[in-house]
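Shared between the two complexes below is subunit A, which pairs with subunit B and subunit C, respectively.
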Partner chain A sequence: MKLIINGQPQEVATDITLQVLLESQRIAPNSIALVRNGVITPRSSWHTTQCLPNDHIDIFSAVAGG
Partner chain B sequence: MTKPITALTSRQFMRYSRQIMLPHCGEAGQLTLLNAHAVIVGVGGLGQHVAQLLAAAGVGRLTLIDHDTVALDNLPRQTLYRDSHVGQAKVLVAARKLRQRYSDCNVDTVIEPFGAPTQQQLPRADVVLDCSDNFACRHALSEASYQQQLPLVSAAIAAEQAWLAMFTANDIAQFGCLHCVFPADTQTSQSCASNGVMGSAVATVASLQADVALRYLLGATSQLAGQMLHIDFGALQFTKLQRSRDPLCENCASPLRKCS
Partner chain C sequence: MLTIADTQFPSRLFTGTGKFANADTMLAAVRASDAALVTVALKRLDFGRSSDDILQPLQNAGHKLLPNTSGARTAKEAIFAAELGREMLGTEWVKVEIHPDPRYLMPDPIETFQACVELVQQGFKVLPYVHADPVLCCRLQEIGCAAVMPLGSPIGSNQGLASEPFLKIIIEQAQVPVVIDAGIGSPAQAMQAMALGADAVLVNTAIASARDPVAMAACFRQAVDIGRRAYEAGLGAVQHQANASSPLTGFLQQGVA
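And then the complex of A and B:
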């Protein structure tokens, strides 16, 4: 199925969770925030949240500098 | 306890006239600012800009909290400091400069990192600004401000990425706290020290952070209710993201919710 990840269309396996998506992208889950269709999704629900076709997924780094 | 200011002097009226003209400020709003107390945690890149903007706007009392000293590589973005300040405590230099420039502003200083054993509680204030540079301090502030029910305006930047959010008790009840976005085990490889940052970008984020705080103090409608602003300076893209409460949040979820 197609997802829009950080603005770029990508084909991924169907029936995957956000957690599996991150693993497939080799992204360390505790170093990012994840936005699904404009909503920041809490990390505790990534392993149960299914990606749906054409979901817009935005991943941004956990920035802490000041 | 200082006596509340109940009327503007002629000089104050002239000095703040451009912001008094604004419908969300007015004379009453300016009095509110002159009687307001803001706590700024971190007076590095973000904090020293925020402190200048709040003091210049007439915020009557600032408490600056930071244990750090001025370093040479701070100077391109921390424009309150200069070469002769290298090695001096940032809060002391900042307080001295602010007192010289802004006679309406009283400045208190704390030379300790927030989150240290003696720095777990925030002073009673009207707003708290998180201008720190690490998640340990940011999480300590998120916990303290939630427990003490103090509004928190938090911002961060590294390289070309930044974010800004405001957390109030009402807002947290619906949309969650900082921990809901970045839980306590969050690791970052993105800091100004490791990834660099441009002073102009830091000043932009600090200005937005100060604006959010000033509007809150004035009782104006929040521009970021339930949201987090993400900024990508590389694409000059500003995106408002909807926040959502984590039912398992270690900070703001009730014990009942955590067990359910």
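And then the complex of A and C:
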């Protein structure tokens, strides 16, 4: 199925959770925040939240800043 | 000791992590600064590029992290950024900065105030970056901000305390800590800010853009300490006229015909 991840369309396996999505993208789960369709998804829900076709997933991390 | 929102800070120098040549230099400079509070920004993950994990080493070294809302142009965006920071870092602390104008990065007072109202209600410890506006700073402390962070001069400009007369009024009126943020370009200026009675200063560009950022960070640490001690020692009053330090008894003329 297709997801829009950080603005880019990507094909991923169907029936995956946010947790599995992160693992498939090799993204370290520490120190990131996940936004699904404009709503922040708490870390505690990543392993139960299913991705649906055409979901917009945004992944944020901390970067250097003043 | 400096206390903000019931948290004690052993150092009155806060630093940012931006503009360093690389992560190792940044970490070494932050360590040398001995900063108790260190700002970070939030950004969409860049898949194509590898990036250093800056958080873990900072946290391991005992620095408390302060996520900022840089990039937000409205109160709504800043609130979202604060919520992202809370989720990402597990902190309710946030530096609210909303500066839609890219040329001077002047903080938008209206959007900032609106964001602070909402974030305080949500339970965040809110530290707003604002212009050196005494009225706005009073209003922000009234609604429950944990500190105010007025600018010395435009962000990254190294112009120092261009706003000094207004910073003095803000410090005089403050019931929450005043952290002078933005524009401090040299240890001398940081010392001056502390001697005015600021509770802390936040320095980034002046350290990051120095030829030797690590050495400069250590200079700022000492300058902030000395400035604070000078404030506590109580500066003498400034006067327009001279006021002799030695006795003026006129003895050189006495006894001359």
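Brief remarks on what is shown
Simple rule for what comes next: the second predicted complex is superposed on the first by the 61 of 66 C-alpha atoms of A that agree within 3 Å, B and C clash if a C-alpha of one lies under 4 Å from a C-alpha of the other, contacts with A are read in each partner's own complex, and residues count from 1 in each chain.
Note that a residue touches a chain if its C-beta (ideal position, glycine included) is under 8 Å from a C-beta of that chain, and two chains touch if they have at least 3 such contacts.
As the structure is a prediction and not an experimental result, all values here were calculated from the model.
Contacts of A:27 after superposition on the shared chain: subunit C is touched, whereas subunit B is not.
By the touch criterion defined above, A:62 reaches both subunit B and subunit C. In the superposition on chain A, no contact is made by A:9 with either subunit B or subunit C. Of the two partner chains placed around the shared chain by superposition, neither subunit B nor subunit C is touched by A:53.
Within the superposed three-chain model, A:44 lies in touch with subunit B and out of touch with subunit C [touch as defined at top].
Touching of subunit A by both subunit B and subunit C, each in its own complex, is seen for residues 28, 30-31, 33, 35, 40, 42-43, 58, 60-66. Contact residues on subunit A toward subunit C in their complex (touch as defined above): 5-8, 25, 27-28, 30-35, 40, 42-43, 58-66. Looking at the complex, you find that subunit C touches subunit A at residues 16-20, 23, 26, 39-45, 47, 51, 53-56, 65, 67-68, 70, 80, 83-85, 87-89, 155-156, 202, 204-205.
Contact residues on subunit A toward subunit B in their complex (touch as defined above): 28, 30-31, 33, 35, 38-45, 58, 60-66. On the side of subunit B, the complex with subunit A involves touching residues 42, 44-47, 130-135, 138, 155-159, 161-163, 176, 180-183, 185-193, 195, 197, 228, 230, 239, 241-249.
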